[in-house]
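Here the structure comes first, spelled out in structure tokens, and everything after it is commentary.
Chain lettering (A, B and C) follows the sequence in which the chains are written, and residue indices restart at 1 in each chain.
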Amino acid sequence: MTDLFNADTQLVRLLEAILFASADPVTEDALQARIGPTPVRPLLLQLENLYRHRGVNLVASGGRWAFRTAPDLGDQLRTEVEVTAKLSRAAVETLAIVAYHQPVTRAEIEAIRGVATSKGTLDILMEAGWIRPGRRRETPGRPLTWVTTPHFLDHFGLESLRDLPGVDDLRAAGLLDKSTPLPTLPGLEVVSE
Amino acid sequence: MTDLFNADTQLVRLLEAILFASADPVTEDALQARIGPTPVRPLLLQLENLYRHRGVNLVASGGRWAFRTAPDLGDQLRTEVEVTAKLSRAAVETLAIVAYHQPVTRAEIEAIRGVATSKGTLDILMEAGWIRPGRRRETPGRPLTWVTTPHFLDHFGLESLRDLPGVDDLRAAGLLDKSTPLPTLPGLEVVSE
Amino acid sequence: MSDGFDESSPVDEPPAGEALLLDIDGFEGPIDLLLTLARDQKVDLTRISILALAEQFLAFVSEARRLRLELAADYLVMAAWLAYLKSRLLLPDPQPDEPSAEMLAAALTLQLQRLEAMQGVAARLMARPRLGRDRFGRSAPEDLPIFAKHRHDLSLYDLLKAYGDISGRQARQSPFTIPVTELYSIEEAVARLEAMLGRIPDWSYLSALLPGGWRGEGVKARSVLASNFVAILELAKAGKVELRQDGAFAPIQLRARRDGEGGT
């Protein structure tokens, strides 16, 4: 442990942290510039050796250094790989409407958003496991309603749907982008919906 | 070096690689699921110990594990990062109140600070990923409560809420006691939400 | 959103004493100001003199008003309450059913302690080695999102923000929320005065007949006056009222035109 306060060890620790936190492989020159006059190469070799048999290795390519997971672990790491995709704005809004207005039909979602909802949007949300079809509405045409799943609560860390912040809470938290209502003329008071 | 092929060592290497490859803290449950029947906790502690004095440490926060650069290297690493925007006093105090008094309603936050919470304060803390809505309080009006997130712990390097600075002293002094009956003071009325 | 960030450091303590007046905006409300004043006493918060504190706060408020500085209502409410507390502390407690002055003072002390505690821990929290400033995570996570049980990276914040946007958009699209100007229309003034004609006493001042709640300064009040002035001219022209003014800029008087009388 006395080694810890050895200047070289401190520099190795610094190199380790820089290489860990850098988004891209770092050139040897850049590393040298960071640590001052001590030659960087022996320190890098020391670090490379230290990690040689670990789950993470220090590798150099094209004069740049980076930490990479050990190649022999590749198979175990690469299982279950799923690609995360960004949700469209339409999908996020649709999910929000289902969450707040469930059970809600597609026509109602469209009425709230003011635009048509493509079939694909609901499919994406269903595939993500956030929504599922609910009961049919007992009105002409018996339209299908949509509701959220338990996985929805799980993903967003909510204990129950009742814990979703209400519109007033959103407004108080600054999440509601609202226009300031102006006082109206006498006799013209707005009747709230 | 023969140890390398010991099953436990292989599992430690796998954990090391998994944790290294992931930017966000990983739950202990997820890690356990990845390595099979061997209890994951002792292996994590082994790994934590291995990295204890290195430039990169394995840290736990809120039941999640992640590699993070050692705190003592902060000064030397900071040069590369853009300066993060400073939080307003209102936002900082509000964050502290949520952290120490959680779950806490907006009215309770306002009672402690003696001023209304401006719109945008909770919004900023939520956007930073530090707070989220908790359960509704089962009192008249069912006000929404606010709690901190796992990312809050990670950001401030806390293993759990018990590690909040000074929390034991404040509790012992009765300063975290929400039930303290206060005669009505101006500006301290609990407004209905 | 911008108001959540500012240039001042969260741990900066406002300057004490007279300099306070230069920086009213630096306080997060009256309790925060009281706390700053209490720190001037340089004793444990449990041993501060509430009486001295009340004096200082009242002095602060009266000085601010002398300098015509804008003070928020909650400062004035606090000043009134402290003035009351001061009188209660100086006089023996008369009513046994009200909380005693000592209890009120103790409650205020606890409130100050609680805020001070939060300001203290807030500073300690912010001083911790923070992720992205003092401690760093892996910036180059490898392409192994093995824990991506969730195929979509959507946070609760994103979801709530989306709903907030929809609600905001709906409110704007609603036909009822077209901003209405705060002006009093001539038609409205005519209709209102006509309805009143039978009930107004003989000669009445126009100013006394203006609708309540529309008096005072500003565009709104001027529009009321202007609309009603034009309205009485219209009504006079239609032969429904008589007008009288004793001189230039004198108050205008009116009365309903009596049946059988000629024009003015």
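Keep this in mind: a residue touches a chain if its C-beta (ideal position, glycine included) is under 8 Å from a C-beta of that chain, and two chains touch if they have at least 3 such contacts.
Just so it is clear, the structure is predicted and the values come from calculations on it, not from any experiment.
Enquirer: Which chain has the mean of its C-alpha atoms lying nearest to the mean of all protein C-alpha atoms shown?
Expert: B
Enquirer: Of all the other chains, whose mean CA position lies farthest from chain C?
Expert: For chain C, the chain whose C-alpha mean is farthest off is A.
Enquirer: So, what's the distance in Å between the C-alpha centres of chain C and chain A?
Expert: Each chain reduced to its C-alpha mean, chain A and chain C end up 39 Å apart.
Enquirer: Between chain B and chain C, what is the gap in Å from one C-alpha centre to the other?
Expert: Distance between chain centres: 35 Å.
Enquirer: Between chain A and chain B, what's the gap in Å when you average each chain's C-alpha atoms?
Expert: Result: the chain centres lie 17 Å from each other.
Enquirer: Could you tell me which residues belong to chain C and also touch two or more other chains?
Expert: Where chain C meets two or more other chains at a single residue, that happens at 1, 136-139, 142, 144-146, 155-156, 160.
Enquirer: Where in chain B do residues touch at least two different other chains?
Expert: Chain B, residues with two or more chain partners: 18, 20-21, 67, 69-70, 77, 118, 120-121, 123-124, 126, 132-133.
Enquirer: What residues on chain B touch chain C, complex-wise?
Expert: 18, 20-24, 26, 30, 34, 66-71, 74-75, 77-78, 81, 84-93, 95-97, 99-100, 112-115, 118, 120-121, 123-124, 126-127, 129, 132-133, 154-158, 164-167, 170, 173, 175, 180, 182-183, 185-188
Enquirer: State the interface residues of chain A toward chain B in the complex, per the touch definition above.
Expert: Per the touch definition, chain A meets chain B at residues 1, 4, 12-18, 20-21, 34, 53-56, 67, 69-70, 73, 76-77, 157-160, 162-166, 168-169, 171-175.
Enquirer: Would you mind writing out the residues of chain B in touch with chain A in their complex?
Expert: 1, 4, 12-18, 20-21, 53-56, 67, 69-70, 73, 76-77, 106, 117-124, 126, 132-136, 142, 144, 149, 193
Enquirer: Residues of chain C touching chain A in their complex?
Expert: 1, 136-140, 142-146, 148, 150-156, 158-174, 176-177, 179-185, 188, 211
Enquirer: Contact residues on chain C for chain B in the complex?
Expert: 1, 3-10, 28-32, 74, 77-78, 80-81, 99, 103-104, 107-108, 110-111, 113-115, 117-126, 128-139, 141-142, 144-147, 155-157, 160
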